[in-house]
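Just passing along the structure, written as structure tokens.
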Amino acid sequence: MPLQENGLVINHQQVAQDMYIMEFMAPAVARECQPGQFLHVRPGNTNDPLLRRPLSIYDADQEKGSISLLYRVVGAGTSLMTGIRENDYIDIVGPLGRGFTLPAPSKTALLVGGGVGIAPLVYLGRALIQRGCQVTAMMGAANENQLVAGDRLLEIGVPFLPVTMDGSRGYPGMVTDLLVPPVYPEEIVIYTCGPEPMMAKVAEYAQRYDIWGEVSLEEHMACGVGACLGCARRLKANDEAYVKVCKDGPVFNIMDVEF
Amino acid sequence: MEKQDMDLTVNLGGIIMKNPVAVASGTFGYGREYEDYLDINGLGAVIVKGTTLEPRHGNPPVRIFETAAGMLNAIGLENPGVEVFLNQHLPYLIDKDVTVIANIAGNTIEEYAALAARLEGCKGIAGIELNISCPNVKQGGLQFGTDPVMVRDVVKTVKANTSLPVMPKLSPNVTNIVEIALAAQEGGADALSMINTLMGMAINVQTRKPVLANVFGGLSGPAIKPVALRMIYQVHQEVDLPILGGGGIMNTLDALEFMMAGATGISIGTGNFVNPRLAYDIMVGLQEYMQENQINNLNEIVGIAVQK
Amino acid sequence: MEKQDMDLTVNLGGIIMKNPVAVASGTFGYGREYEDYLDINGLGAVIVKGTTLEPRHGNPPVRIFETAAGMLNAIGLENPGVEVFLNQHLPYLIDKDVTVIANIAGNTIEEYAALAARLEGCKGIAGIELNISCPNVKQGGLQFGTDPVMVRDVVKTVKANTSLPVMPKLSPNVTNIVEIALAAQEGGADALSMINTLMGMAINVQTRKPVLANVFGGLSGPAIKPVALRMIYQVHQEVDLPILGGGGIMNTLDALEFMMAGATGISIGTGNFVNPRLAYDIMVGLQEYMQENQINNLNEIVGIAVQK
Amino acid sequence: MPLQENGLVINHQQVAQDMYIMEFMAPAVARECQPGQFLHVRPGNTNDPLLRRPLSIYDADQEKGSISLLYRVVGAGTSLMTGIRENDYIDIVGPLGRGFTLPAPSKTALLVGGGVGIAPLVYLGRALIQRGCQVTAMMGAANENQLVAGDRLLEIGVPFLPVTMDGSRGYPGMVTDLLVPPVYPEEIVIYTCGPEPMMAKVAEYAQRYDIWGEVSLEEHMACGVGACLGCARRLKANDEAYVKVCKDGPVFNIMDVEF
């Protein structure tokens, strides 16, 4: 059951230019967190910025009662968040939305993340490892400095392939360049989150080889709970009806989405 | 003052609410969406999402956008139609002990009439909020809510088709709100709901295009509070109907401002998104205010700031 | 692009500005008040405080009040009258190398005519901004700016009394801004200034009275930006006059939004209070935008977001 | 000449419930500060709160280049200010307004402050002592804890009489209770800042004994520089015209003001 909680910030660090990781104690919410779900975060206490910001659960420690977010500063809300310090409180609502579906333990999971889209895949990686799945992450970023989730993935035990646009670390190019024809497609499941053009390529790949997979989508949100109908999206171009990304998603089956 | 001596009940032209705090149409779904966050039975009224005769898919995205202390929305009245509302959503609320107000919208006067007739006799609906901010397709898209004659006629027609209290929701996008309110009164309105959103827009400088797919959207939130208060004040000065006031209410003090400007009840819209238990918190806040100020009945302060 | 290749000049219906950034009437005094903070000669235009025929003392306090992302003002047109303006304030600005736009206000059409006539031939005034948000005393207080016929007539009268470009400043408190703009055009307006403040109010819950002594005030600042953009967009779609756009501009991106919505020039009001060198900063910001985007002349982006 | 400067906060402390002292480096502004003038302070970087807040110069060290403010938390702006930490910047405009007039060194100055109204009198005290005047401060507050400027006055060398409404320190009652008939009224000058009813009593006293004096007034402000005409006040009830508190004041001759 989602709820509102004031998280006590215990760690907040800049991990790259414009990228931050914040960890806070929010035991009641942490208890409920599923990979792929998000929190609706209030960036400040005044009326500007007004609305909450959706941020994926980057990691959660249910025993300790803490949750971590990985966020990129893009506008007023995330800028304001950078000013939050340890021992401050952060007002969160969550966990919200439909998260990732975990596969049978026998499957091999491929996590394909681009930029800050790696965030939900990290907590997913943790769950997959716990479940006994084989997991490989492919993590794309503009450059080496932006590859921020590597340490956490290692800690969790998820091997990962770094890819950078400028070749400063790992494979030079796009993360999707690594999507080679699979030998046993039915053994593989794929999860992706990142820029839409990247996810489009992943979806194309999954379709071509008939690989089961899920994507995590973004849309501007007001309520985050399915009440305002603000986060509408047509999954396929010819659909008449819209889904609500906050409630029906943010995670969708990769075959259901047209990019 | 003891809690038991306080009377929070509100009579909004025949719509009885156990306290003045309603949640605004389109911002609270059908109630269920917020059940994890607050006790819905603690609310004065739930005004459900705007309902049309037939299902509507609404506008393509982007549908919402944040602005300074406000937000734009162009949902386009997405809703499953009146039948699904009655069969699938209303029962949930009927099981609760809360006043339910239906919000109806049409593109022609006939659609309003048909909707009112369809709701007639339906158990569990305490009143009808008339959304008259829709384009009148027969009159070339001019909104019902901006022309006094249309306002009077649509209210009259709805009244003729229902025995429920009827509360038109006034659009603030008008030169003279008092004239519109008087027209609603002439049509037989039992109460007034004020205000709906201000029409606004935003432009994406990167793409050089309007942000909203619909170009224009409705501005809500704290940004519009001064305009809402002004209009409620003006109408309370001149028109003898109870008002459900809203527009940017974010806390108990805001709610009190609206009541002092002439609102008998208040409605929370955008505020629900910021604090999902805001309506409940404000209800508690009003009780505290009554205790601290030795007020038995909040009616004592309704319109108290208005110089008549 | 090199700086020397950029053309920032703006022609606002005959009012020539060296760049698009004006400071709005009533928010920049007579220029001198801000001389410590920015180079007044760097501005596109200074629109001086609203001037009436006779001196006015203005409204009693409280005159201003902050609201969410905005402010209310009810200054009541305090000003020393047109003679003192011409003799004591204008010379300071004439000594500068900046376009000066006079802003005039009257309670009757005759007062507007007399003011226009008085300014005729005065050195150093590039144009007249007509504040038509004042109550028309002859018509029982109805604002000039809310009735198309009055708008047309007051513009026509002023045009008949001056050879200067005339730019009526439209009130946003109307049902149909395009109708008003068309009326201004019919009256002979050379340009349009949009928008003036939205009418709003606030209540002091402690005293249970309106905060402003005048009860109502004009809402300005970022809160109204979406409404301003929408109106400018609508008018640019239908009316063939250059627009000086403003309402809540706080930075260069805001200014660009206004231009893309159809504003040839932009005006900074409340923003001056927050950052006394904002107008200058935005002028520099526009230059940077031109450089980054290889734009020679900002006219290229005026109205670019508007679907005609 | 007033100007805009980003002050580097070097000290920010809570000194009582809801009372804070903030010191920041702003050498260009500090250089210009006169007692009784104020700064126009931007409490945050977003649009809510929007306007600057006028705050008196509590103290300034022109050599060091620092300025101190003493403020009480009353609303959104001052609340937000409490979150500013050392090494943050604060956006100020100033010094603004017409400050206090310094008397001949031979005079004895009486400073009568109520609550946070003591703020401008402290920096005035410093200037008066420097000038060689005799100075006595009377400082009223609700209770002992609210008597926050005492240490600073001692440091400056201004003797002060504490007065508390609840009698928890010093004279119990109102600060104006201490205004006894003067023996040599012509030797005395009086300066006051605080709640209007208090200043009204001080003005009455000054009038009765014909003591030269000045008061510092407050009014809601937008521009702070005389441009918006928002801070209008009628000095006397029958005046037709208004003064601008930001430009013509905030300090006025005590005889010119009717409370």
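For the reader, a short list of remarks on this structure follows.
All chains are identified by letter, namely A, B, C and D, in their written order; residue positions are counted from 1 within each chain.
Criterion: a residue touches a chain if its C-beta (ideal position, glycine included) is under 8 Å from a C-beta of that chain, and two chains touch if they have at least 3 such contacts.
Source: prediction; values computed, not measured.
Common neighbours of chain A and chain C under the contact definition above: B, D.
Note on chain placement: the centre of chain C and the centre of chain D lie 36 Å apart, centres being C-alpha means. Between the CA-based centres of chain A and chain D the separation comes to 52 Å, rounded to the whole angstrom. With centres taken as mean Cα positions, chain C sits 34 Å from chain B.
With touch defined as above, residues shared between interfaces to two or more other chains in chain C number as follows: 68-70, 221-223. Within chain A, residues 47-49 each touch two or more of the remaining chains. The touch graph of the protein chains shown is complete. By the touch criterion stated above, chain D contacts chain C in their complex at residues 1-4, 42, 47-52, 93, 219-234, 240-242.
Listed in rising order, the residues of chain C touching chain A in the complex are 68-69, 222. Taken together, the chain B residues at the contact with chain C in this complex read 67-70, 72, 146, 173-176, 198-203, 205, 208-210, 215-217, 219, 221-227, 229-230, 233, 248, 253, 256-257, 260-261, 301, 304-305, 307.
Looking at the complex, you find that chain A touches chain D at residues 44-49, 76, 80, 83, 85. Those residues of chain B lying in contact with chain A across their complex are 26-29, 33-34, 36-37, 49, 57-66, 68-71, 73, 75, 78, 221-223, 250, 270, 272-277.
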